[in-house]
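In the two assemblies presented below, subunit A is common to both, partnered first by subunit B and then by subunit C.
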Partner chain A sequence: MEIRPILASLHKHRVPALLIVLEIALACAVLCNAVFMVAQCVIDGRAPNAIDEQGVSVIHIGGLDGRLAADSVSRDVAALRAMPGVKTVAAINEPPLGPDAMFNGFASKPNEEPQVNSSVYLIGKGAEQALGLKLLQGRYFTDEEYAQGELLPNHQSASHVVLVNQSDAKRWWPGQSALGQQIYSDINTWTVIGVVADVIAQDPSFAGVSGKYSSVFFPQRPSAELNNYILRSDPADRDHVLQQAMQTLGKLEPGAVLEGKTFADVRADYFAGSRNLAWMLVLVCVVMLAVTALGIVGLTSFWVGQRRKQIGIRRAVGASCRQILAYFQTENFLLSTAGVLLGLVLAFAINIYLMRHYEVSRMPWYYLGGGAAALWLLGQLAVLGPALRAASVPPVEATRTI
Partner chain B sequence: MLGYYFDLAIRSLKRSPGLTALMILIVGFGVAASMTSYSVFRAVSGDPIPWKSSRLFVPQIDMWGPKGRLDATNNNDPPDAMDYLDATALMRDHRGKYQSAMYRVSPSIVPPDAHMHPINVGGHAVYSEFFAMLDVPFKYGSAWAADSDAQRAAVVVINAKLNQKLFGGNNSVGKTLDIDGKDYRIVGVLDNWTPKPVYYDVVNTGGFTADQEDVFLPFTRAIDVDMQNDGNTNCSEIPKGSGFVGLQQSSCVWISYMVELDDKAAVSSYKNYLDGYFNDQKASGRFNWPLNNRLRDLPAWLESEHVVPSDTKISLVVALGLLIACLVNTAGLLLAKFLRRSSEIGVRRALGAPRMAIYTQFLVEAGTVGLTGGVLGLLLTWIGIHGISWVLPKEIASLARVDLNLLALTLAVAIIATMLAGLYPTFRASRVQPALQLKTN
Partner chain C sequence: MMGYSMELALRGLRRYPKTTALAVLTVAIGLAASMTTLALLHMLSADPLRGRSQHLHLAWVDTVLAKSQTYRSLDSDWATYDYKRLKTPDAEALLAAHKGTLQAAMADLDAQVGGDKGEPSNEQLLATSSDFIPMFGVALQDGRNWTAAEDAARTPVAVIDSELAQKLFGTPKAIGRVVQIKHHAFRVIGVSQPYAPQPHFYGLNAWTFSGNERESIFVPFGAAIDVGLASSSTDGCDDVTEKSKQYIAVDPMHCEWLAFWVQLDTPQEVTAYRSFLDHYAQQQPLGSFGKKPQSQLLSVQRWLTLQNAIPDNVRLNVLLAGSFLLLCMVNVAGLLAAKFMRRGAEVGIRRALGASRRAVMLHHLFEAGMVCLLGGVLAWPLTLLGLALLRMQDQGFTDLARLDVAMFAALFALALAVGVLVGLLPSWRVSMVQPGLQVKSA
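On to the complex of A and B.
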């Protein structure tokens, strides 16, 4: 295919050509960034979390009298455990992805400044089964350790043992076993007795990238801090069990304020904002692609209409239908290429702007490649209709005056 | 003449209905997308108390010093809330016209109706001047008297919604309410006061929150009965004492503070007072770092706290990008449409029409497309605003409203944008050489 005649013709119609290039560039820039952000939202929303999310429900209990809380918690847990369909129950200060996060910084060496917001999970007896934690190394807490666990006046656990996330174990003691190691905060020290598969933070967006999988678990005896109950049941009758449990608790604690949710809902609610943003971006992408495709169809149709006579002459002097088709396709490919190149620069600039002003990370190159390929394809599809119409121009057109 | 051009435009647009529909759709979509996100943006970035915002100030004292900086990017700003010690000292000195320290509480209420379950409510512990400072509207009763603050009186102001729920909307002033197991006398009922953002305490509410503000009770009373802080607590050092009392003795920040200063003199004298307060504390050995106070007025404060959610900003940017893309497309289609009529233009020019007339004719045609697209855009914007709750959080989406301004703006944006897009095509059309066109025909 000779491209010089195409270039000459484009040179003659500079502005329409430039408009198509601009359209493609804008679409490419917006598409790359939007798809990238959608992907980020999806990845965030699916963040792994090593607990039994399908089987777990959470009931938040508020308004308990602080002095009587210890008794209430023991009584409530016992009552819930006795319910049919409930596998295990335990109390916890705050579930993963919960709203009232408790963060603290820990260091692996004494007097070192902690750099990461770690989520502090104070768990009541049996919470490892209730949550469905996955123990990778070491052991869980003993009954005695649970019985001794409480909060000191400085808001640190009085216990001397701790379970840590796998990520933390790797971060603090790379290449070593975490078991038996110490972590430090303020004047307190804890010995790691077990490592669990990564449990997500209580408020990952506050915890930031570094704190997303930094979770530590301390044993805690029944107390006012444990104001969430974790219920584990068969996923099939989870909703029913939760409903029953709410009724049981309502009778048991008439003065308390109860709020029950399945963990699936806890997750859905936490990520509702980013999920909605993702849908909006998808909508924008679809409209953008449709508008661009229609724009290309419109302009190329006009072009074809204007050049009917030239096409007729080419056909009359021996060009085949296929060659006419190829002409318009090649022309569109050239325009798309220019548009995509410009669009990639623009996409990169937008990404840098978003990085500077919002919490958006750097876009990997394959989004740019994907966006470019999508627009090349879109351009070829959009031009197909007008190009086929051009190819069907009969040679006799050359002999007509209009 | 304009009427005639309008008629011509309608005829020309009718002649190629497909292309016309395409342009109208594109303009409509672009305008609707940008107007919908703009309406949300306008709602969240608006001034919550326009008649007074320049007279409300938020003082910040650097009680943590450089070691407590959370992040260096934030202009070296001191903490954005106050510890108990400084907040109560500022209240005691009472240098503004009105001022109030406040913190968020979430007590439980046992409804007077024995059949109802206890409920958790949200609210703030404030000083009596809070209500006068923020022009809070009362439906029944009034704020508590200043001496109730000093006496730590068990009084409460409730919001209209809670009054509706508990007392069926009747005047409940003088009745008692069981809050956290203690009786409070209701002194006032607000006239459904739900400012968005919750500008008096953005630190603890993030500005936009679905949480209700149901009760307001005296700060001193709340401290007295150990009513826990339900907002954020940030510490640069771990409190030495335990519990709520330990928090009050610590340098942890958890209290918001607002002060009304009516003129420049008052602002500068308050600034001097604040600096003097810091220097006194420094002299007494509490601080060993340089003075770094702030006294921002409300608009500046909301800006520095990034109250406008970044989701909202991103969607505005994205929607504007979409609008620009739509305009480029419209420009392309108009160009195609106008140049197809070169022969018509040639005839008009040959018959003596000046370039200006061609210009006017085609701009009117572009404007007509814009107007029609704008009407479609209005419809889509209306749908968009009612459907935005599907995309943005409820507490933000509910703020977006259709009003006359927005309608007028939508139409104006559509017409002006389309005419802008039509500028180059029109220019090209007016440059058509009459002789050449007549010859080829």
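On to the complex of A and C.
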């Protein structure tokens, strides 16, 4: 395909050509960044969590009298355990992805400044089964350890044992076994008795990148701190069991404020904001691509209309339909290429701006590649209609005046 | 000539109705997206207390007898929660100094509040001092505010809002009744209208934008301390503080928990207050903790900026919608260019008959302007729809998404500006048509 005549013709129509290039450049820049941000939202929403989420429901209980809470918690757990359909029940201070996070910093050496927000899970007896933790090394807490666990006035666990996440074990003691090692915070020390697969933080966005999978587990006897019940049931009748459990608790604790959710809802609620953002971005992308495509169709149609006579002459002197079609497709390809090149520079600049001012990370190159390919394809599809119309101009057009 | 250009423009609009409709629709979508996000940003960044907030300043002096602590994680990607509060003795000293027109110390606390009978309910309580109500413009419906003398005497009195009065006593006429706070009696001396400025700038640690949260009861902070109410958060405690009193219920004497706001009416007063604070800071024995004297006096706007009060994704959405509008504009410029160039022959004849370039350009600018104004009209219901969609999301601040008069005017100003910008290039191009050439081919 000879491109010199195309360039000559574009040179004559500088304004429309420039507008198409600009349009494609803008669309490409915004598309790359928007798709990248949608992907980040999706990845966030699917953050792995090594507990068996499917059968778990969480009931938050508020407004218990602090002095009587210990009895209430024991009584509630016993009553829930006796319910049909409930496999296991345990009390916990806060579930993963819960809103009222309890963070603390721990270090693997005494007097070292902790640098990560670790989520503190105070768990009641049986919580390892109720959550479905995956033990990788060591053991869970003994009944005796559960019975001794409580909070000191400085809000540290009085227990001397701790379960840690696999990520923390690797971070604190690279290349060594974590079992038997000590962690420190304030004036307290704990011995690691087990390592579990990574459980996600209580409020991962607050915990930050380093704290997202930094979780530590302490045994806790029934107390006011354990104001969430974890229920495990068959995923099939999870909703029904949760409803029943709410009624049971409502009768047992008439003064308390109860809030029950399946873990699926806990996760959905936590990521609701980023999911909304993602949908909005998707909507913007779709409308934007539609607008771009319509713009290309409009301008190319105008060109085709203007050049009917020239097309007729070319056809009369021997050009085939296919060659006319190829002419417009090549023209569009040249414009798209210019637009995409400009767009990639813009997309990169936008990404750098967002990185500097917002919590956005660097965009991997394949988003740029994907965006470029999408706009090339969009351009070719948009130009197809007007180009086919051009190809169907009969040679006799050459003999007519406008 | 203006009238003639306008008439030509109107005719032009009707000539290729499909292209015109497409252009109008594109402008409308772009404008609606931009205005929806801008309206939310506008509401969120609005002055929380019109007519008052420019005189209000947050005063802070570092008096914590401990090494400075950083609350930053390694990633440093979350805000340092540094609310610039004071310990009780310092707040009392600044109140007693009385260097501003009005001044008040305040803290948001959770409290169980009960009436004569029935279950107590959880309410947001503002522990503050007597100047708060006049200074922040809380409207009293009935009764009176408490006095500086009652502050000093730590008298258990309370001002409650009409909705709490209704809830506790079944009537807004609650003067002289008694509310129970932590099983202590507080006499109601005033009933106010519900008070909820947005953002909640004087207590950002409690919340920033609230749907239905607000302080429903105001009491002297001394009386609040006496009944055992305490803040659950602090910006720092003296080293002597017991560890257990640094969390959950902090020690009011040794931990920072009160925000101190002062009303300063003139720049001279601001300067004077700043030097007063500097002087106060220099008297603090902080040297042994490795700290230099520190004090700050921040205006409301500066404070909200520092605290990053407007959520990031609101600004991000404005940027996104802005770039979308830009794309729509380029697209419409393209459509208009095509439309205008199609009548090249006609313009050639007009030029040959003596029309000036200016006249041709004006006609086409008018046409572009009208396309965008029509787009603006269509964008209005679309914007309202967008805002309604925003309000349906529950993110704490989205219920503020509304279109006020200023933003309504801005919509049309923007539409007109877009029209001129979009029209410039195509109109210039069509005005460059050579007279002779076009006449020949026609």
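Quick note on the criterion: the second predicted complex is superposed on the first by the 402 of 402 C-alpha atoms of A that agree within 3 Å, B and C clash if a C-alpha of one lies under 4 Å from a C-alpha of the other, contacts with A are read in each partner's own complex, and residues count from 1 in each chain.
The rule is simple: a residue touches a chain if its C-beta (ideal position, glycine included) is under 8 Å from a C-beta of that chain, and two chains touch if they have at least 3 such contacts.
Worth saying up front: this structure is predicted, and the values here are computed from it rather than measured.
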item: Superposed partners subunit B and subunit C on subunit A - clash or fit; value: clash
item: First (subunit B), second (subunit C), both or neither touched by A:Tyr358; value: both
item: Contacts of A:Ile20 with subunit B and subunit C, given as first, second, both or neither; value: both
item: Partner chain(s) touched by A:Ala256 [first = subunit B, second = subunit C, both, neither]; value: first
item: First, second, both or neither for A:Phe302, with subunit B first and subunit C second; value: both
item: Intersection of subunit A interface sets (partners subunit B, subunit C); value: 15-16, 19-20, 22-23, 26-27, 29-30, 34, 63, 153-155, 186, 255, 272-273, 276-277, 280-281, 284, 287-288, 291-292, 294-295, 298-299, 301-302, 305-306, 350, 354, 358-359, 402
item: Interfacial residue positions of subunit A with respect to subunit B in the complex; value: 15-16, 19-20, 22-23, 26-27, 29-30, 34, 37, 62-63, 65, 152-156, 186, 250, 254-257, 272-273, 276-277, 279-281, 284, 287-288, 291-292, 294-295, 298-299, 301-303, 305-306, 350, 354, 357-359, 401-402
item: Complex contact set, residues of subunit A against subunit C; value: 15-16, 19-20, 22-23, 26-27, 29-30, 34, 63, 115-117, 153-155, 186, 205-211, 255, 272-273, 276-277, 280-281, 284, 287-288, 291-292, 294-295, 298-299, 301-302, 305-306, 350, 354, 358-359, 402
item: Of subunit C, residues touching subunit A in the complex; value: 19, 22, 26, 29, 33, 73-75, 77-78, 119, 122, 242-244, 246-248, 312-313, 315-317, 320-321, 323-324, 326-328, 330-331, 333-335, 337-339, 341-342, 393-395, 425-426, 429, 441-442
item: Subunit B residues touching subunit A - in the complex, by the definition given at the top; value: 19, 22, 25-26, 29-30, 33, 106, 108, 110, 117-120, 180-181, 238-243, 246, 310-311, 313-315, 318-319, 321-322, 324-326, 328-329, 331-333, 335-337, 339-340, 390-393, 424, 428, 440-441
